[in-house]
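By written order: A, B, C and D. Residues from 1 in each chain.
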Amino acid sequence: MIQGISIYHFLIVSSLMFFIGIAGFIIRQNLITILLSIELILNSVVINFLVFNRYLYPNQLQGHFFSLFIVGVAAAEASVAIALIINIYRRIRNIEADNVNEMKY
Amino acid sequence: MTNFSYVILIPLIPLTVFLVTGLLGMKWKPLVSGVIGTVGLGISFFLSLFAAYQYFFATASAGGYHTIIPVNMLWLSFTSTLQIHMGVLLDPISVMMLVVVTTISFMAHIYSLGYMKGEKGFQRYYAFLSLFTFSMLGVVLSTNIFQMYIFWELVGASSFLLIGFYYDKPSAVAAAKKAFIVTRFADLGFLIGILILSFYTGTFDFSKLMQPGTSLFAGITGVSFLGISGITWAMTLIFMGAAGKSAMFPLHIWLPDAMEGPTPVSALIHAATMVVAGVFLVARMFPIYHFHAPDVLIFIGYVGGFTSLFAAIIAMTQFDIKRVLAYSTLSQIGYMMVALGVSGYGGEAGLGYTAGMFHLFTHAMFKALLFLGAGSIIHTVHSNLMKDMGSLRKYMPITHITFLAASLAISGIPPFAGFFSKDEILTAAFHANKLLFYVEYITAGITSFYIFRLYFNIFWGKDTNYEHKPHESPLNMVIPMIFLALGATFGGFIPFHDLVTSNMKPFADKLNILVSLPSVAIGLVGIAAAWILYKKENDLSDRIAKSLGVLYISTFHKFYIDELYLFVTKKIIFNGIARPIAWFDSKIVDGFMIGIGTVTMKISYKIKGLQSGELQQYAFVFIAGTIILALFLLYTLGFH
Amino acid sequence: MNFLNLFVAVPVLTIIGILFTKDLKGARLVSAVGMGIQLALAVFLVFFYFSIRGAGNLHEMILTADYHWYPSLNIHYFIGVDGIAVAMIALTAIVIFAGVFASWQMEFLSREFFISLILLATGVFGFFISLDLFTMFLFYELAVIPMYLLIGIWGSGPKEASAMKLTLMLMGGSALLLVGILGIYFNSAPNGGAYTFNILQIAKVHIPIAAQRFFFPLTFVGFGVLGALFPLHTWSPSGHASAPTAVSMLHAGVLMKLGAYGCFRVAIFLMPEAATQMAWIFIILTSISVVYGALGAIMQKDLKFINAYSSVSHVGLILFALLMMNKIAMDGAILQMISHGLMTALFFALIGMIYGRTHTRDIREMGGLMKVIPFLAVMYMVAGFASLGLPGFSGFVAEMTIFVGAFQHSDLFHRVASVVVVSSIVITAVYILRVVGIILLGPVKNKAHLELKDASWHEKLSTATLLVAIVGIGVLPLWLSDTIMGSLHPIMERLVAYLH
Amino acid sequence: MDFKYILLMRHELLLLLVALIILMVDLFTSDKKKFRLIKFSLLLFTIATLVGFIPVKPGVLFGGAFQGNALTDFFKDILNVAVLIVFLQSDGYLKKIENTGKTGEFFVLIILTLLGMDFMVSSGDFLTFFIGLETASIPVAGLVAFDRFKSRSAEAGVKLILLSALSSGVLLFGISLIYGATGSIYFSDIAKHVTASPLIILGFIFFLSGMGFKISLVPFHLWTADVYEGAPINITAYLSVVSKGAAVFILTIILYKVFKNVTDLWETSLYVLAVLTMTVGNLFALRQDNIKRFLAFSSIAQAGFIMVGIMGTGSLGMTSVVYFILIYVFTNLGAFGVASAISSASGVETISGYNGLYSTNPRLSLIMMLALFSLAGIPPIAGFFGKFFLFTSAGSQGYFILILIGVLNATISLYYYLGVVKAMFINKSDTPIPYFRSSNFMRLSLLLCVAGLFSIGFIGGIFEYIMSISHLLF
């Protein structure tokens, strides 16, 4: 519980992060940037969990643990994603999202 | 009571013959089939005579005759009362018809042995003849109206087969088709009539329907449709069936064309038996008509009267001898209808009924004879047209004499059979309906004119140059003609008023000089006119025809009734309804079904852009979907 | 082991038998033997039925057997027959027997052909013996789907398209049907208790009228599609035209009756109130079917199209009769199912045989066939006469029974509909005689046709089997009619009870 | 602590063990002898599968985080069998020269994802669920990109991992909201506090879209076709059957257990999703020529049907879903098996390439036809029963309009299934795929599928068994 900062502030921040992440995913061309946007999303979730735990259910730790796991999984995800992006780079020599559309319809 | 069960054999023998020759006939020599058929029918013929003797004389009682039902088997059962039986009903008219049918049929069988000799399909011909005879006998002997309808249809089918016997001749096929379809159309009325009648009365059985004072008709007289009572509807519709088979105007168009069949067939079916089935039907239902639907009876009289005059007029202008006879048949059946139409019930009042039956009998004799005579001539001359004939009396004496006897009979010259029956009809009409009387009176004159026009043209007139010298027909053709000539000559002396009456009780009948003398006179006038015009070769007839102009031409074209029908069927039903329906079905209905598929496919192509392959678009749809779904749910669950 | 199971077992064994054959000869032999046994079984069943009824067994269904299949949903494999089902089974056995012989020369992929054909028959037999909606539905779909292959592979003309159209429309119908069946199921226990698919049990309860109003049309139309209910009949002309002979026979002869039978056994029997209330809609549609089908047939040029439209008309008559909701008309409807099944099978068999010789079905290219192939021509003519309702053939008996039944309603609406329907007998005569006149009679149009050979023994056997049955019913209808009437009795009692 | 731990988690532990052993053996096997690894792995996995069938009493571990009961055990067995069939079918693919070196990875990755799924299936809280889900999806991206040198495979991999991460994010966001509203991540605790508040609704929708991604519900399905097309065909089979099956199962459990107080909420949303999924899936499937893409859309449509089944809550709904998945395993793997056999023998992966197949490879064509008919729901093949019970399930809640939409969609689907049948049986081709003999493993797998297709429907006991064990849950 931080004095002067209500749960709503945190939630607004996390929601903003979430939607900025989504917007980034949709708008940015570079695959790596897209990956970063995903990290934003995941981090917003982490904030959510922490804040909820801290503000609403202070006498348990479920949210904290959940956020730890999210961080871990995000790392794994990022590593695989980067590997695949590198693979793409080898195939088509760039990592623009617009060029990854061979399969459609 | 004598046991009449053996009567069932009379129709069954021809049926057996039909089945045997039909299934196995192809394996035999043609003649075998003919002989089997003839012998079989011979047996039926003698059985009929025997039955008639037994019925009319051996078991006669003072109070008149009774309806006897020796055989009646359940065939199909709808409810406990509404049942179809197959059985044999004997009463004066059915016994009389039995004799007529078997006689003419037997004669036709013998005659055909000569006439059809060497024809391809000889076996088939005899099989069909037997089938026809069976069906006709079935109609005659029916115990209930449905059995009658069943055999009625079979008669139609066998008539189709016989008319279309020369099946590789398109005109014969067309005629057969026409005959079947026109009568079928009429039978539609018959059937609906039966259905209405049976629904309200709850039975098909004649014996129940005919019971005097029965309460069965309470229901049907009570209902009405378009202001006409149910019974009138039913009986009119039933008469429609009768009119179809008996070729009453306007359903007569099939009969002249039906002459495409072999001539003995014309004699059998289209002169003596099938075409009078309609008359028989009306006679059979006469008590119902009389007691419950008298209006229809009057209607029947007028239809008959009109047809008889109308057909007689057309007959004057035709050149094909069989067609002349065909129109003559129409005209004569019209007479019978008139007789029934003007008849009352019981005793003297029932004179018309007796007369109608009487005329049916005599007409069968002389008209069959005329047809057989015509057949004999055609057989020799190989043509149907009058212009190919002339002076044949020199070559074919027996044919000539018998034909003359028949002509006199139809003209109503005493003492030939036709005189008596026609006279009775005229008397009955005279008492009941003056208009009909005059119509029939005039028709009688026209009748004798056209028949002697025919007679003179064939047997007198110029001596045509024949390719083959005409000769008298072989014995097996001549004998039936002689037999029928005897019938046509002396048949009139049978005391019908003792035998066949409307209430099955005999009554006294006397010649009405006031009617018979003028009728003989007009008959003689007709003959005289024909004598003047056609005895010697001259152009008088042509000049008269020319002077009549349009009147003659339209008569020659049978008043364009055929064309009218053709217009209705070809133009309106075929091209106006059937073809559009075929188009509508394949284009609109089916097109709609296919359209569903096409539209689905179109949509499928239209929305393929959704799957654009763009990673970010996928994400956008994903998120948009989520948000829309969330908004939708918030809205529907009440958070708005 | 219930004897009825054999009706499914024998075809299945026949199919397995065909798997072990090598070529056409083996396949057709096995099929003929298998279907011969089936026919014998059917004949035996008929006699067995009479003997058991004669012995005083008055149960609604006989030979019932009940096997639990999915107990938790109360789904059973429940079979049993009454007189109507027995008659339909006999019909199927005759038609498939004739069908096997009609395809005696099926050279192309012959084993597969016979397997599909008999698979279809399996479905039909199963349908007629089952008394459980689930089982019934299963067999129903089983009967429909082999059609796709049969038409698609062995058909002629635009076969793929017509096969697809046919299959989709029929399966679309069965989709509606599925909803209907589920609806019946979930309303089968309005007073509590377990839901059931068992027809006899459902018949004892009263499905709420609101549910009936929703599910009756679904069920009726679902089955009606197979019964070529206007305007859902369009699969019929093209489908029949493209199908090989035996398939047309079986399809028009038996499969279309499945639709009608289902309308009767499921839609009307289980939901009588809605049936009465909504009958007018379907009476209008079926009346249109009858007349429209007949009129549609008049100007067609393809023999099979003519017959397909004729089937639309005739099967429409069946549905029409069912909707009259009285005993006589229903009796007529069932007679008509059997009669039309036999007749149309005969027709299609003959068309197939003629097509096999002339290689055309266009009536304009044929003529005077009576001269060159008299046996087939005479048969065709006889079939034609049977079709137009000539006495002495089954069609007459059936039609007349229907008409008498239809006229039992005296209100104006029914009267008008009945008269309209009755008038079809004239139109039928027109199109039948038109064809007969064009192709059989008259002079031989095509000189090449002079060389044609008449029927071979298996063709004769095939057609004769059907004809004997048609004439048998036509001449002595009482036994069949009484059997049906007897079986209709409990059904009518129920209908009447709910109608008043 | 006792023996119970090991037994309750026997599926997971065995899989872990098998994965480790294969990894080790793979390390010490030279590239030339890698082909032996196939048989070895198959053997190990078969043993693991068989051991899984041993019945064990239900129980709960880790304070409710892990739940073992007859239904989850049964479902894991289904997954095991499905994976076994996939392995059998991969034989041809792995024997290709370019792939032999990766044999070990192939098995290990698949087994590890299966491990994740098993955890997911058994999860009792959102954390276990989440970890299982991620374990099950992250390695899949690697598998999808298995053909490293094919650009399509690479593209598919990238698309999958990025979108999957996005969906995970959304899903997690949903879970976090639910946590915020209820204060727990345990299913049983959440169930007690769930009310139809806006927060729960939002949380649920985010959660549902995340799950919808895994199950390929429209509009969350767009990745499916591309990934299915790009991935090696056996991986596609795995994705379409196993991944999807597991996700459906846990979704059903969560809906029934966690959101049982707000049925209105999820039934309304599933109603919409089901209709969309069936319809759009069908509409897209109509014009596909690539067999993998075709099966992708077909599997989307099938998912829609499953959603219809889920609508019928309670044990009937659960049973119909599990039963359908069981049948779906055999059905879809049958279809993919044939496609895979053809692909590895001739490289053909288009429907038009199948023209005239029956004349050269009648058996394969027949199996394909059976599988497609099963997908279309035609008796007496198992698919009919599966679909029928799904509809029955929905009917039990009175969703007859939905059923109507469903069955009409099934009719549309028949069109494209028959289109493939038409290609194989009716269409003629000048150059049909020549006759080939597929490997024994492949044949075995197809035999299993056919046996399953024919028998499952007729053996009413299977359905009854599922019914009885799912009955225990409610």
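As a convention for this text, a contact is a pair of C-beta atoms (placed from the backbone, for glycine too) under 8 Å apart; a residue touches a chain by one contact, two chains touch by 3 or more.
This is a predicted model, so every value here is computed, not measured.
A.B. asks: According to the touch definition, list the chains common to the neighbour sets of chain A and chain C.
C.D. replies: B, D
A.B. asks: Between B-C and A-B, name the chain pair that shares the greater number of C-beta pairs in contact.
C.D. replies: Looking at contacts between chains, B-C has the larger number.
A.B. asks: Between chain B and chain C, what's the gap in Å when you average each chain's C-alpha atoms?
C.D. replies: 36
A.B. asks: Could you give the separation in Å between the centres of chain A and chain B, each centre being the mean of its C-alpha atoms?
C.D. replies: 96
A.B. asks: Provide the C-alpha centroid distance between chain C and chain D, rounded to the nearest whole angstrom.
C.D. replies: Result: the chain centres lie 42 Å from each other.
A.B. asks: Need the CA-centroid distance for the pair chain B / chain D, whole Å please.
C.D. replies: Each chain reduced to its C-alpha mean, chain B and chain D end up 77 Å apart.
A.B. asks: Using the touch definition from the top, which residues of chain A touch two or more other chains?
C.D. replies: Each of 22, 25, 34, 100-104 in chain A touches at least two other chains.
A.B. asks: Which chain D residues reach two or more other chains?
C.D. replies: 158-159, 162, 166, 170, 225-226, 415, in rising order.
A.B. asks: Which parts of chain C, given as residue numbers and ranges, touch two or more other chains?
C.D. replies: Where chain C meets two or more other chains at a single residue, that happens at 168.
A.B. asks: Using the contact rule from the top, write out all pairs of chains that touch.
C.D. replies: A-B, A-D, B-C, B-D, C-D
A.B. asks: Taking the complex as given, what residues does chain A use to touch chain D?
C.D. replies: 18, 21-22, 25, 31, 34-35, 38, 41-42, 44-45, 48-49, 52-53, 56-57, 60, 62-63, 65-66, 69-70, 73, 76-77, 80-81, 83-85, 87-88, 90-92, 100-104
A.B. asks: For chain B, which residues are in contact with chain A within the complex?
C.D. replies: 608, 611-616, 619-620, 623
A.B. asks: With touch defined as at the start, can you tell me which chain A residues reach chain B in the complex?
C.D. replies: These residues of chain A touch chain B: 22, 25-27, 34, 97-98, 100-105.
A.B. asks: So in the complex, which bits of chain C are touching chain D?
C.D. replies: 68-73, 75, 134, 137-139, 141-142, 145, 148-149, 152-153, 159-160, 164, 167-168, 171-172, 175-176, 178-179, 182-183, 185-186, 214, 218
A.B. asks: Spell out the residues on chain B that touch chain C in their complex, using ranges where they run on.
C.D. replies: Residues of chain B touching chain C: 74-79, 82, 146, 149-151, 153-154, 157, 160, 164, 167-170, 173-174, 176-177, 180-181, 184-185, 187-188, 191-192, 195-196, 198-199, 223, 225, 573-574, 577-579, 581-582, 585-586, 589-590, 592-594, 597.
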